[in-house]
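Two complexes, one shared chain (subunit A), two partners (subunit B, subunit C).
Here is the complex of A and B:
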């Protein structure tokens, strides 16, 4: 009986609050002029970014410089953590010594195998459709980084390194991505455009598929850079504590 | 073989994600891009997905999976009502039981323990292939079933299906 009274009180309060809030919510009737401008111009109009996805047009075209510096902040954070974990050549060799082994119960590892392939496909799809649907380089890259993280959790980091994805390679891929972003931003200067210009320098379509001009390149390189940058940090964070104690000469 | 299995798996996913680009079907560009990126994904994951992944390409197995869906959903529905009843009455007898199972490989253990976890009220905590047992947290242990002899009282028909599907 006591439970029932409690249940009724909770239900009444929840429904009452929901009713009160719904009565006092007024939907916004007009759009901001800036919003109208973006909606009109992101695909049609004189300032088109040739992308039907207005958010991506804003992020990488209209407000491209803003995004460029945001990306820079993120990558400085990654460089900072890489610097904190800096190891000498012998030490990083030693950090790689170890056998891949199952660290979680068998069903988890079996599911990880299937999920990893799935995550890679999904992340590529998120990143490469950034100019068409919600998503983009950063989102895709974050999804991509989940795949190595799952392998580290299920099979230990040595499994990743045995398969050829060690810290150095991850940093190389990350650098390729960053270089790609910089080159895409600088390309318009070659044809007397301005920095990070999109249209009409980059082709809006290739083989009939809408690319959104430079947006697809930014998304692709950001995808690689974010995914590989996260992976490098995860690989460093998963070095066992005993090894770090040894490197630093800390006694138990 | 692992390459082909991973390729088909990621290509199916790609198709599912990009459906509707040409009416309800796929535009040619998406199909081509899917082949390229599925190949990349399959190449990078060929060592992860395992040697035995090829056995899941057998169409008979797919039919068996489809046949398993109603079984699993019926088990989940029954368990949902049971747990709802337990929530209302508040009378539970929770505990961890050791369930002996007759399974051979990791795929069978995976299907079995995930099916148990998906049904409300039971949760697989650990799978121990070396002692041929699962450890399951059970929200309402019926009296006398603290040490079950088989998986039937905990998981119903799931063990039979897991043995067939994971073969």
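Here is the complex of A and C:
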């Protein structure tokens, strides 16, 4: 009986709030002038970013500096975690010693293989179509980072390292991505543009597909950098506890 | 046209019923493994089946870009169909391996198979 009363109270409150909200919430009929500016200009107008996706053109063009510093904050966080797990050369060699083995039943591993291939394709499409559809470099990179995570869960981290994706390589890919972002931001200065300028320096179209000028390069490099940065952290986090105890000299 | 609509609507309704049964099962079943069964009823019956229903429903209507909607929901349904059993297997395997769940099976076929 007590539970029934609770249920009735919760139902009444929920339905009441839902009714109140539906009666009093009127949809917004007008746009802010700033929003109008972005919608008009992102593809057609005089201040065009040559990208039909207004959000990406705001993120990497109109407010590009903001995103640049957000990226910097994220990578400082990654560097922080890499520093926390700093190992000497011998130690990181020892952390790599181990046999790749199936850690989960066979059907799970088989599904993991299929899903990893799918995730690679989907994350690439999220990142590289960032100037056409919702999505972008960061989102695509985060999706990409799920693939190594699944492999670590199903086959252990040694499977990744035996196939050539170890911590050093991940950090190298991440640095290439960051370098790419920086170079794309600096390129306009060569032709007397300003920092992070997009149009008309970068080509707006290639083979009939809108590229959004510099947006596609930013998205591509951010994709690499975020995916590889997360992968490096996951590889460090998946070092078994016993090995860390040994490195740190903690008794069992 | 209308056959697709009806079929799709029936599949979506089935999904709702499966979700309800899954929720009741999660509350009422005695231990983790049987509850996992109820959860899988909720994901396969309550998520994958309605998505296939949406596929048929979208093909049966005249909305613009209906093929895109149908294709997207079909692929999402297939991915759930793949992933949900794998996740349930992994959970059950981990729980069995860690021996953290008390259970009194009438027959333990895994044990018999290992003998």
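One rule holds in what follows: the second predicted complex is superposed on the first by the 235 of 252 C-alpha atoms of A that agree within 3 Å, B and C clash if a C-alpha of one lies under 4 Å from a C-alpha of the other, contacts with A are read in each partner's own complex, and residues count from 1 in each chain.
The rule is short, and it goes like this: a residue touches a chain if its C-beta (ideal position, glycine included) is under 8 Å from a C-beta of that chain, and two chains touch if they have at least 3 such contacts.
Quick caveat: nothing in here was measured; it's all calculated off a predicted structure.
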Three-chain arrangement built on subunit A, subunit B and subunit C clash or fit: clash
Touching partner for A:107 - first (subunit B), second (subunit C), both, neither: both
Which of subunit B and subunit C A:115 touches, first, second, both or neither: second
Partner with the higher number of touched subunit A residues, subunit C or subunit B: B
Touching partner for A:151 - first (subunit B), second (subunit C), both, neither: first
First, second, both or neither for A:54, with subunit B first and subunit C second: neither
Which superposed partner A:129 touches (first subunit B, second subunit C, both, neither): first
Which of subunit B and subunit C A:68 touches, first, second, both or neither: neither
Partner chain(s) touched by A:82 [first = subunit B, second = subunit C, both, neither]: neither
Partner chain in contact with A:201 - subunit B first, subunit C second, else both or neither: neither
Which of subunit B and subunit C A:209 touches, first, second, both or neither: first
Subunit C collision site on subunit B, chosen from 4-12, 58-66, 112-120 or 148-156, when both complexes are overlaid on chain A: 112-120
Subunit A positions touched by subunit B in one structure and by subunit C in the second: 105, 107, 111, 114, 118
Footprint of subunit C on subunit A - complex, ascending: 104-105, 107-108, 111-112, 114-115, 118
Residue numbers on subunit B that touch subunit A, as the complex places them: 6, 9-11, 13-14, 17-18, 27-30, 33, 37-38, 40-42, 44-45, 47-50, 53, 90, 106-107, 109-110, 113-114, 124, 126-127, 129
Residues of subunit C defined as touching subunit A within the complex: 79, 82-83, 85-86, 89-90, 93
Subunit B partner contacts - residues on subunit A that touch it in the complex: 3, 105-107, 109-111, 113-114, 116-118, 120-122, 124-125, 128-129, 151, 159, 163, 207-209
